[in-house]
Every structure is written in structure tokens, then in C-alpha cells.
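Just dropping this structure here.
Letters A, B and C name the chains as they come in the text, with residue numbers starting at 1 for each one.
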Amino acid sequence: MVNTQISKPDDNGWVELNMGPQHPSTHGVLRLKVKLDGEIVKEIEPVIGYLHRNAEKICELDYYCDSLIYFDRMDYVGAMNMEVGYLEAAEKLLGIPPPERAQWIRVVMAELNRIAAHLVWAGAYGLDLGMLTPFFYCFVEREKVLRIFTEVCGSRQETNYMSIGGVYQDFNDKIIHDILEFTEQFPKKLEDIFSSFVKNDIFIARTKGIGILEPEVALDYGVTGPMLRASGVEYDVRKAEPYLVYDKINFDIPVSYRKDNLARFLVRFEEMRQSIKIINQAVKKIPDGPYFNPKAKKSLMIRLRGEGEVYARTESSKGEFSVYLVGDGGVKPYRLRVRSPSLKNLSILPYLAKDTMIADLVAISGTLDLVFGEVDR
Amino acid sequence: MNVLTRLADFFAALGHYPAYVLAYLFETLFMIVFVMVSFIVMIYLFRKYMARLQLRIGPNRVGKFGTLQLMADALKLVGKESILPAGRDDLPFRIAPLIVFIGLIMGFALLPYGPLYYIGSLTVTHSDVSLLLLFAALAIMPIGEILAGVSSKNKYAIVGALRGVAKDVSFEVPMMISVLALVMMASARTANPLNLTNLVEVQFIPYGIPQIIGLGVFFIAMVARASFSPFDMGESDSELVTGHTTEYTGMRFGLFYIGLFGSIFLSSLIVSLLYLGGYNGPYSSYLGFIYLLIKALILVLVSFTIWLSVPRIRIDRFVNMGWKYLLPASIINLIIAGIITLGVGI
Amino acid sequence: MIEVKEPKKELPLIGTMKAMLVVAKHLFQKPVTVQYPEQKRELPDRFRYRIFLSLDDCVGCTLCEQVCPNLSIHMQKVDRENPRNKRKIYPDVNFGTCTVCRNCEEICPTDAIYLTHVFETARTRNSFTYSPEELSLPEEEVVK
């Protein structure tokens, strides 16, 4: 039955507005039930699950090596970071540590993907606020990263590059040359993109002092990643509990004490600069040696057995991404559970956007950097 | 001798009244053709310009360099089913796009394109108070947009219409005060400053130079009137889907689209007429139209660049800006204009 | 740990104009668009899409069927003389569900199944499933 009447305001005089799941600024399939008092947003209820693909359960039905492609599709703009997160857990469980060379390669790829993911975010955030052009500059640069990915592993986004016990394909001189070329020209372009945002006083007016997230509240809600660092909490899994070879690399964690939208914007851009620094060091430090642990060689891929339970934390571009993995001695995981940063970051939205205007709701939900493959899994 | 009398002379063999009826008819036809052609050029320019700024190529498949792309798009819009929402207010919903379109055409009909009123303006609208008529015509388009928003019974559309009202109210007062300063300055030199031709002809130096503040206020108000970014809160696509046009499809939506791009051209023409010297220049009776068009095109390109590079202003900030900054600025401009008029007498 | 720098404060209107200039500067840059069907970008060596099968090398071990994450590969009986493939079973691939993860290529003990640069496979078709014979043919010859 079709209700053709526009719904009446409730007792408070608030009107319920349904934003999404098909709405231009909800980045996919977020649905927000919003109670409006005129332009003022009074209540927000995020409704999730429109992109639920049962990834965790499917992973439990597949071999350890097959789960990777489902992790690629969780945070589909940062697939390499997802792979690192899963493999941290899987390799611990299966007892197949990757060789030194593979670890360095993983760091390079993960940081390249962090840049790509942040660029997607920056472009989409511009669109949220109504600036159409920086989006294209961001995507031109991102395309260069994806070109490197194609060179390395033959696929742009859903890379399936890392495997249990190493990586599928080795780096060669051409790839290293390409990466160094990228890191050389990218900072200039990044500053160009950066200035097209921050020189704009309207952009500053739309972000400064809006969506203030107090650090205590952020910690209570389990917010991580750039969101948390923009609230002034100095926490990054890469420093707090180094995985791969992050403890051998010299880099800084950007922190801002502003706590607002602008802080999140600045922190993400500074992270891109730090990622360039990491890549530059890591590419030069890649040691010679095997890129694949012989214990996990090709034909054994589906014979790997693991027992016990592990929990591994990594820092994806959205925040702390961790995987809980239980093996019962079989070739398939007994239980797989993902702590996805986007879901936790989304939970803060009703708190952040309360009593703001519709335009601010969009500006705030833009800074959360939501990727729905990861929220709904 | 204006266009109408020339046309009437052309049809003189048919007798006085039929000749004038035909002349009016053809003049109106020419005007509509002019509006449509300028609209097509505008959109083509916008797409190509936008593409080049965004490191793209733009339309290049239909016709040479994509020139026929707009025709293809228009055909697509005409061919689409025009979906009518079930809960609509039928009459306002149907006439709202027409009101927007008619308001736009009326704006074009009132403009002088040269000292002799070239093709494009209607002779019947030539009047001693054409400046007032022009602003009266400009007030029609927002009515269509508000009607569209309220009658589609969609919450996004209603919020869009509300924003539209708040926006219109806040920029129109400063706009009219800056025009007042213009008229005041012109009144020192001409007996009838409310006539647009007189107002343009007295600008030996463009009035935008002594009244730079007024030019700024008026330009901002005109961009806001055309709902161009950063003042497109009424149809902000990332917040309100498309605001008051959310429920419109097919050619009804096409009329709103024409209204958007036509009105930025109209706004630029008005700004260049009132502040940038319009069609004044050497041989203006023949080349005046060209001068006017060049000025207007430059302003259109500036508006496009603003659209592409600037985020949307929040509605409450815009209302603030209108009342707290634009209004005092326009009053200051009025005072400066008064001092100049009395003291210097440009 | 570093604290991010605040951007320089810009005056209203002047900041807007500066941002406009930053954007307008790009008018003089070359477009990055590649006009696809006419111009084609060079594909990297490792680019992967269309799966090929070498019928002579396939030993019918079913490893690819097992490793395929979303069951795109199924073994089919093919009547073909091959001393190495006693069971006469070969994989077919459903490209409607294939995610080009190249797990099959990695696990294949004889390198019989492999991914290639061919990616222009759009055509009118009845089925997305390529039979083992079709997998061994170039794309132009697959068209029925």
C-alpha cells in the first residue's frame, strides 16, 4: 500500500526525514532516519545492513587462502590494508610467518593504498560540501596508485595480492622505479589539492568548529583511526603495537587537538604525507631473499591447517582493523570475526550531528570516512 | 528604427494591423530562438569549461566536438516519461516549470541588447520604467521554484523551497539598494534613469568603477538569484537530493534545467548592462551587441569557476551574510554614490 | 607524534578567489582522459583477466575447483585423448561470478590454467560459462 500523504510532524513538531539508502551524500547505502525541526537535526538513527554480504560466514566456509578476496571487498578502497589485517591473524594461526622481503613489500603496498583511500575520501568530502573539482584531482592521483597496483599484481582495486606466507608476485626494478617516481611527484600534487581546499574560506567555514568530538567520548564509542587522532588521542596501532616492520621505519603520527571536521581533514592529509615518507624508506630498505614462505607454497594453499585462536590488530586507513580467528585444526576457519573501524566510527554520528543543521549533518558524516562494504560486511 | 517597425514594414503589403500582428509574432519567435540558442551555447560552454578544469575532455561524441550533445540530451528528456508523484498538488505541480521558464523569457525580453533594442527583446516591453519591469520579471522565477517545492509533497522539496524563500528574502534587499545607488548616480545626467537604455548610455565610464562595492553586492545577489553555487542551497544535491526539483522528471525537469543555465546568462547580462557599461563603446549602434555579449560571457565563466571550486554556503550563514554584510555594504555604497553624484557629478 | 599545522587564515572573498585561481590554473593542463575504444592504454605485464586453459597440460586434478572462492569453476567431462588426464575432466569457468582472483592460476600444478590480458569479452551471449574447449580458444573464436 502506497502512502501518498506526506507524514505529519510528531508531538514535538519534528518531521521525520529518511536520508538514504539512495541519497547522493551517504556514500553508498547508509540510511539515516533523521528527525528535523525545520533545518535543525534533532535525532539521527543510522540504519545499516543494506550491503550485508555475510562475508564473515562465507570466510568460515572457505579455505584460509580464499578468505582474502572477501577481505578485499570489505574496505574496497583500501583492499591492501584489509589483506594485511587478515594475514596478520591467519599467519599467526597457521604458524607461517612471511619472510622479511614480503613484509617490507606489504608495508609499501599498504601505505600506497592508504594514500589512495584517503584521496578517495578527500574527493568525496569535497563533493559532500559542494565543491566539484578537487574530486577529479584526487582521482587523477589515485589512478596513478592503482596503475602501480596493476603493475605489481595485475588488478586495480580488489587486488588479492598478498597470500598466506608472503605475496603472490615479487617486486622488480621497474615497479620500484615507478613507486619512487610516484613518491617524487606526488607531494607537489598533494599540496595542490590541499590548497584547493584550505585556501577556500568557505571550506574553512563549513568545517571549522563543526562536529566537535571530545576525546573521552571518542574513546567510549570505540572510535579509532584519524577520527580519534583528530580528537587529540595519540593512538595508532602502527606505533602502539607495531606489526610487519613498522618499528623499523621512522615516521610520525599526526595528531590534532582541534577535534572538529577541519582537524580530521588535516590529519588525513598529514597521514598521506607520512605515508610517502614511509614508502620512500621502505622501498629502499627492501632486502633480497624469498618473497614467499616455502611452507605455504602453491599446491599446499588449500592444505593449510590451523588450531587455536588469534586476534590481530592493524591500522587500516579508516582506523583499527582487527581480525579474530579461531581454527579447529581443519582446513577452514572455525570462526572469523572482524572488528571494522567504519562501523565503530559510524556509531558516533548520532552524537556528533545532534542539533546541527542538515548541511552540517552531511559535512560531519563525510568526515567519518564510511565504506559500507566494511560496515555491513 | 527598431526591430518591430522594420518587421512591420516588411509585411506592410498585408495592411497595417495584420502586418503588426505578424511583426509581433515574429519578434516573439526570434526572442525565444535567441533564448534557446544562448541557453545551448551556455550549456556547451559550461560542459567544456568544466571538463577542462577537471582534466577531462567533455562531450565529444555527438556531432563535431560534441556540439550536438545537448540536442541528444534534450531529445532524451522529451522522450522520457514524466512521472507525476501521487500526492502532488496537481495544478501547481504542472505549472511550476512553466512559471520558471516564462519568468526567464520575460527577463530576456526586457533587456536592451543595443541602443536600438536588437532582436531578443520585445518592443512591447520598451518602457520608461524598464528597470522596474526587469526586476519585477526577475521576481517571477522564484515563485515557480517555491511552487514546485511545495506542490511535490516531498520533504526534500519542501526544505529546498524553504531555503529558497530564506535565500531570496536575504539577497533582494541589498540588491535593490545597490540598484538604487545606480539610479541615483544616473539621475544626475539623465531625466529618466529608470529607463534601461538611458541608464546604460550615461555610463561613459562603467558604473562598476565608482561603485565597486555595489558591483560586488549586486554580482553576489545575481549569482544567488540564479541559484548557482555557492548559493545553490535550494537544490543542493548532496543534502537535499535536488531540492525543489526532486520529484520532476522528463521535460518538466528540463525546463528547470533551462531556467538554471538561462538565468546565470541573464544575470551576467544584467550585471554587464548595469555596472560594466553594457553595450557602450565605439560604433555601439552596430557592435554594441558584441560588447555586451563578451562582457556577459566573461562573467558567466567567472560564475562557472566559482561553481566548480567553492563549497556550498550553509543557509544560515547566507542569511547572516545577506543581512549583516551585504545590506550594510550596499548602504555604504549608496552613501559613496551620493557623495560622488553631488561632488563630482559623473 | 606531530601536531598538524593549522592552515593559514584566509580573508573572506579573497580566500574564495585564491581557491578559484588554484582551480582555474588547471585549465592549462592536459586532460588525462584516454579515449578508450580509439586509444588504448598499454596494459602492464601482470594485468589479469580472461582465464585460458591449456587442454594438453591439464591433468584434471580438480585443485582449481577446490580453491575457487566462489565456486565459479566446475569440472566437466570432455571426450578428449590426453594421456596425462586419465579421468578426462577439465575445468569450465563461469565468468559471471569469477572475480579474477587468480587463485586457480597460482595453485595449478602444471600451469594449465592461466590468466591473460584479454579483457574485451563483451558480447551477446546465452551463458557466462565457458566450457573447457572455449577456455582454450582465443576470444574471437569463442563467439558462436
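Following the convention adopted for this analysis, contacts are C-beta pairs under 8 Å (C-beta built on N, C-alpha and C of every residue); 3 or more make two chains touch, one makes a residue touch a chain.
These figures come from a predicted structure and were not determined experimentally.
On a Cα centroid basis, the chain most remote from chain B in this structure is C. Taking A-B and A-C together, the chain pair joined by more C-beta contacts is A-C. Taking the mean of all protein Cα atoms as the centre, the chain whose own Cα mean lies nearest is A.
Chain B and chain C, compared by their mean Cα positions, are separated by 50 Å. Computed from the mean C-alpha positions, the centre of chain A lies at a distance of 45 Å from the centre of chain B.
With centres defined as mean CA coordinates, chain C is found 23 Å away from chain A. The multi-chain contact residues of chain A, meaning those touching 2 or more other chains, are 133, 137, 140, 196, 200, 202-203. In chain B, 53-56, 308-310 are the positions where the chain touches two or more neighbouring chains simultaneously.
Looking at chain C, residues 13, 16, 19, 22-23, 26, 32 sit in touch with two or more other chains. Contact residues of chain A toward chain C in the complex are 62-63, 65-70, 133-134, 137, 140, 143, 147, 150-155, 158, 160, 163, 168-169, 192, 195-204, 234, 252-258, 263, 266-267, 269-270, 298-299, 301-302. Those residues of chain C that touch chain B in the complex are listed here as 13, 16, 19-20, 22-24, 26-27, 29-33, 35.
For chain B in complex with chain A, the residues that touch the partner chain are 50, 53-56, 85-87, 153-156, 158-159, 162-163, 229-230, 232-233, 236-241, 307-317. Listing the residues of chain A that touch chain B in their complex gives 2, 4-6, 15, 17, 23-25, 36, 38-39, 126-133, 135-137, 140, 196, 200, 202-203, 205-206, 357-362.
Chain C makes touch with chain A in their complex at residues 1-16, 18-19, 22-23, 26, 32, 43-48, 63, 66-70, 99-103, 106-107, 109, 115.
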